[in-house]
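Since the structure comes first, as structure tokens, the remarks are kept for the end.
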Amino acid sequence: MMQKTAADDMEAAFAVNAAANKIILHNVGKSYKIGKGNFTAIANVNITIQDNDFACIVGPSGCGKSTLLHMLAGLDFPTQGAIWINNKKVTSPGADRGMVFQTYTLFPWMTVEDNIQFGLKLKKMPIKQIEEITDKYLEDIKLTKFRKSYPKELSGGMKQRVAIARALANQPEVILMDEPFGALDQYTKNRMQLLLRELWQKEQSTIVFVTHDIDEAVFLATKIFVMDAHPGKVKEVVNIGIGENRTLEVKDTFEFIQLRKYINELLYDHQDDDEENI
Amino acid sequence: MMQKTAADDMEAAFAVNAAANKIILHNVGKSYKIGKGNFTAIANVNITIQDNDFACIVGPSGCGKSTLLHMLAGLDFPTQGAIWINNKKVTSPGADRGMVFQTYTLFPWMTVEDNIQFGLKLKKMPIKQIEEITDKYLEDIKLTKFRKSYPKELSGGMKQRVAIARALANQPEVILMDEPFGALDQYTKNRMQLLLRELWQKEQSTIVFVTHDIDEAVFLATKIFVMDAHPGKVKEVVNIGIGENRTLEVKDTFEFIQLRKYINELLYDHQDDDEENI
Amino acid sequence: MKDDFRLRQSINKKTYMMITAVTFIIFLVFWYVVTAGGFVKAMFLPALTSVLKNLAEGTADGSLGSNTAISIYRITMGFAAAVALGVPIGILCGCFQKVEAVISPLCEFIRYMPVPAFVPLVMVWAGIGEMAKIIVVFIGTFFQMILMIADDARLVPEDLLSASYTLGTKRWSTIFKVLIPAMGPKIMLTLRVMIGWAWTYLVVAELVASNSGLGYTILKAQHFFKTDAIFSGILVIGFLGLITDRFFALLIKRMFPWDERSNP
Amino acid sequence: MKDDFRLRQSINKKTYMMITAVTFIIFLVFWYVVTAGGFVKAMFLPALTSVLKNLAEGTADGSLGSNTAISIYRITMGFAAAVALGVPIGILCGCFQKVEAVISPLCEFIRYMPVPAFVPLVMVWAGIGEMAKIIVVFIGTFFQMILMIADDARLVPEDLLSASYTLGTKRWSTIFKVLIPAMGPKIMLTLRVMIGWAWTYLVVAELVASNSGLGYTILKAQHFFKTDAIFSGILVIGFLGLITDRFFALLIKRMFPWDERSNP
Amino acid sequence: GNTKNAEQGSGGPKGLTKISVGFTSWPTNMMIYLAQEKGIFEKNGLDVSSEEFSSTTESSNAFLAENLDMCTYPAPDIIAPISRGADFKVIMMTDKSLGSDGLVVKPAIQRIEDLKGKTIATQLYSVDHMYLLTLLDGAGMSSDDVNIVDMSMSDAGNAFLAGQVDAASIWEPYLSKAVAGGGKLLYSTKDNPDLITDCIAASHKFVTDNPEAVAAFVKSWDEAVAYWKEHPEESEALMAKKMNVSDKEFHDMMGTLYITTVQDSVKGFSKAEDASYWGYTQQKIVTFLKKLNVIEKKIDAGSIIDSTFVNEAAK
């Protein structure tokens, strides 16, 4: 194990020199023990993501998207290969990589407000600034009136919005989001998409965003990773060149529709028989 | 309390005579105690749903859609008004109203297979038939290979598919679904939509389906209830008259696009200032 | 809602109280009838009236009050010490497998040992003063507490911890800001269980050279088989227990308004 | 992974075992040095060697074996009875507030009562045979068990019950097919706690007219201040406890492969 | 004499010497309370802290753990600790059993021989166990012929009353209770008064360091006994209250005891080859306990006695 890691390190050092990449996944694989056997969830993923990239990951259910994000966050570790962020191997989670989880993970003993402020207080930010940021995000997610509510008093979509605000308010360098807008209505979703784009441009952060909504992916991303299942792997990387000042109108442009169609085809291509042949 | 219920009963008897409705919500309201105050989640909802209707509910996050479904299921009770299903006041949950929840509620100690068979075994269905149904649904949700897996070994979308199969396999008269396809990729989602339509036509069941995806709502529904928030109420009922033998192609028809646009407008109409004015 | 078969439906608070009151009254009436009617010898079960008389006498001459006070003092001190040490150690055990490897097997080993067996040793180590009684209560609860609190720590959902790491908590901030608040309701439930346990050690603790306390009163009464005195001691302890338990239940409800299970 | 500060990281099984072994060895060495070095009088802390000698003698003449056997029998019977009655009643308590209103306050009342106080009463009620000892263990665990199991039942997520209602379970089928399986791991944890508790009542139980058993051996040794015999009794009980606990831990891991917390 | 040595300078409020005495709930031991209430200890320069225990096991353990300076003992319970190396001296006798120990049986039983195969409750290795064996021996039987169950004295009495056993060899107050509850007193120690005695022990260290205090204690005790003899009703009322029994019960119990004076102790501590010598009866107990394997090595019972103080007080 140790030896292998050393070898990986060398290879990676090489990769790192080759380009100033923000995130590097080198030969990443993940398998789970099930009973006595092994189940390979992800195999041989090689990805590089540049600084200030907005990377979207799409792929069939169960292809390993959540697993990948967990590994980027340092919450789980690859059983093969390694991950580098900022030229440092990922060995633990940290505030530099904020995450919005697929399930609701609000702290149930904190009010909406306290949930949002959690990371900021940890950083010992001045109270006035904390208040400002909280107010701004409460406004953005339209939950100002619910600032004193506990998570158990919120609907599914409301919880999800709070979780998004909590992660973003913390201003992480890398933002990892696992189907964050899944339980939102179209209107709120659109608003959140615009907000996220805006934020990303302003903060120059790097975002890795998992979604099933191809429209969403094309609208948001600078790069889309299309994944395949059994075992999970990256099928193709699509660069999205539709300009960076996107408004909702961009969705009606020819380029956009072409891209959406292309990715759709990539995804649906012989999927029917695929999932059953593990 | 008792007196009020009696009065309601009389009113309802009237309503019941007026039309052979499957589901009647009469003046339904729901409020929660928060601290010392009261929060009205839903107010004055009057809905009737006919037998073999496919009713979709759309509305902004937090408008009370989940609450409504819970009350239909008999898991929660209105604080005002009453609900009748099959001319019987809803006082308890039952196998006649199957439900897919917004959060994953698989039984963690059961394998995928056992989860799906749970309701069938309760009904003491012959084992051979149980096996047949299980096989069919495992096939439909493309998880045959995972039949012996425990929920903790599944991804979010896989769990959701199992929950759907579990509810449908039980063949309830009324099917209540709370954003069931939220975590599915487009391809699986489309497949599940077709499957659901097919099933609904074959079994002549009545479906109440909550979604944020207006496309999905228009494609599936015979009737769409558009809700408004704070307090939650039904803003408009839209009948969907695009024929009953729908394929995916229907989504490109003029009628479909018109309907989608109409509902979009209904929803987005002055939403900006709405949510903040409770 | 006649046909509502759902479990854990909360009933009206008044109804609850009434059912409880009726239960206790039936209990007392039964006791009264059985003893007053002479169906059971006083030796097996003292007459309700003579127990009440005993209690009245104790109240009148102040001995009941002072015995209760000293017993409460001993239990409280012993229990407080066990909490002050046991809860932090338990949390560490639940958080770090290396700590667990040191502490857990040792506690598993010791917690089975019958406390009365330690009484002579406690006297050797701690003398025969108040400290000895407090130590007996401590020994009886400490090791168990560590294991139970460690279990509680293990039951905190991993998701919450993951979320907190990504928001920037390190080892200790995760423990203080996330794990402990999340464990809150469970810790209180555990303490509620444990305080009852502490009381059951009262008699053992007051074996050690005491001439006061409820446990001592019971021991003394046992010597002369004064069943009425035994029963009045037992009843007073039971009553204190009931109050403590209700107090804890209320406290848990108040302390954790956010918890769905404490406040359904 | 040097800078991995996450909590509850599982360590290598061998490392765990080694740490534990080292802990126990340090413990034993310390004991040996302190006693053999004459730092502590034998009357206060017997020499490790004399305790081992005592154990060896007991093993040789078979008395240790037979005393252990009879004690295990008593504890097992009393505990089994408490489980057989306490678990179902506890579940009912957790499911139905009306049952809770009857049972819970009564249990809260009784569970605080010191078991030794009941010893003379148990004797007059149940005689001086094995039954009396079994009843003492039963009393010591039964009431507590009801309350703890009721808490366990209350901690089952409402979501799971809701799901099961909509799939057609009624009151009893929900309990048997959903609530109990979902409680499984928690029930086992509770039983694991309780069996340790049962053992601590051994000395009290064997106060009642016995002339065999580990508790009895300890009592007699106490009377004559045979610290080595007291210690060997205590150690044997602790050792049995350690085995039981490890057995339970393994059982829980095996029984609930589906549970993320039992099988992280 | 009024003792006040350097070590105790910080002692009581009035420069009294501190002594801690452990004892059990036994009528004679209530004399300690009498001496305390009547100011006898104080008058003799002592500040006695009285530590009451629920059984001899506890009091003895506390004493051996050096938490007490003195401790009361039923005679046989002294042997085991001494044989295990405990270092203390018996400084005085306090009472002799004069019917306060006995064998109570169900009414149907007429003679010792009728006990064959019956269940008898007693506390193993106690005087009353020995007493039972003596009685069985006298009838040509042994412990194998009966079923002896080991119980504490109070439990044995209660078990008999509850009808759980056929006979019990027990001491007061359980004995009278058992008789009052319908039991038949088959034999009691009225017939052999020297067999069973109670005494007070003091740690060797305390005796060496504070001989005056020990002497003062013996003197005080004797004065308390004298006070009781002069004012029996007042004294017994006080002692009964401390023991948590009625005056009558207490009086009855005292009737089954011979409360020894220092003169009796002097006599009992003088070497002789019969039961009048305390050491003689105790030596028999040593043999008995050795046979039962309770003690590993034989000791010389006479060597435990320190008669200095009773001799001095008797002068």
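The first chain written gets the first letter, and so on, giving A, B, C, D and E; residue counts start at 1 in each chain.
Convention: contacts are C-beta pairs under 8 Å (C-beta built on N, C-alpha and C of every residue); 3 or more make two chains touch, one makes a residue touch a chain.
Small disclaimer: the values here were computed from a predicted structure and weren't measured.
Asks: Measuring centre to centre with C-alpha atoms, which chain is farthest from subunit B?
Replies: Looking at centroid distances, E is the chain farthest away.
Asks: Distance from the CA centroid of subunit A to that of subunit B, rounded to the nearest Å?
Replies: The answer is 29 Å.
Asks: Hey, how far is the Cα centre of subunit B from the one of subunit E, in Å?
Replies: The answer is 84 Å.
Asks: Round to the nearest whole Å and give the separation of the Cα centres of subunit A and subunit C.
Replies: Each chain's C-alpha centroid was found; their separation is 48 Å.
Asks: Could you list the positions in subunit D whose residues touch two or more of the other chains?
Replies: 5-6, 43-44, 119-120, 124, 165, 219, 222, 225, 260
Asks: Listing for subunit B: what residues touch at least two other chains?
Replies: 74-75, 92-93, 103
Asks: Where in subunit E do residues touch two or more of the other chains?
Replies: 57, 61, 65, 154, 158, 161-162 - these are the residues of subunit E that touch more than one other chain.
Asks: Which pairs of chains touch each other?
Replies: Pairs flagged as touching, ordered by label: A-B, A-C, A-D, B-C, B-D, C-D, C-E, D-E.
Asks: Can you list the residues on subunit D that touch subunit C in the complex?
Replies: 5-11, 15-17, 19-20, 23-24, 27, 43-44, 94-98, 100-102, 105-106, 108-121, 124-125, 140, 144, 147-148, 151, 153-155, 158, 161, 165, 170-171, 174-175, 179, 189, 193, 196-197, 199-204, 215, 218-219, 222, 225, 227, 230, 233-234, 237-242, 244-246, 260-261, 264
Asks: How about subunit C: which of its residues touch subunit B in the complex?
Replies: So the residues of subunit C in touch with subunit B come to 1-6.
Asks: Quick check on the complex: what are the subunit B residues that touch subunit A?
Replies: 32, 34, 39, 58-62, 64-66, 102-104, 142, 144-145, 149, 153-158, 161, 179, 182-189, 212-214, 264, 267-268, 271, 275-276, 278
Asks: Mind listing the subunit B positions that touch subunit C in their complex?
Replies: Those residues of subunit B that touch subunit C are 74-75, 77, 91-93.
Asks: Under the definition above, what is the set of subunit A residues touching subunit C in their complex?
Replies: 70, 73-75, 92-95, 97-99, 101, 103, 105-110, 118-119, 122-123, 150-152, 166-167, 170, 172, 176
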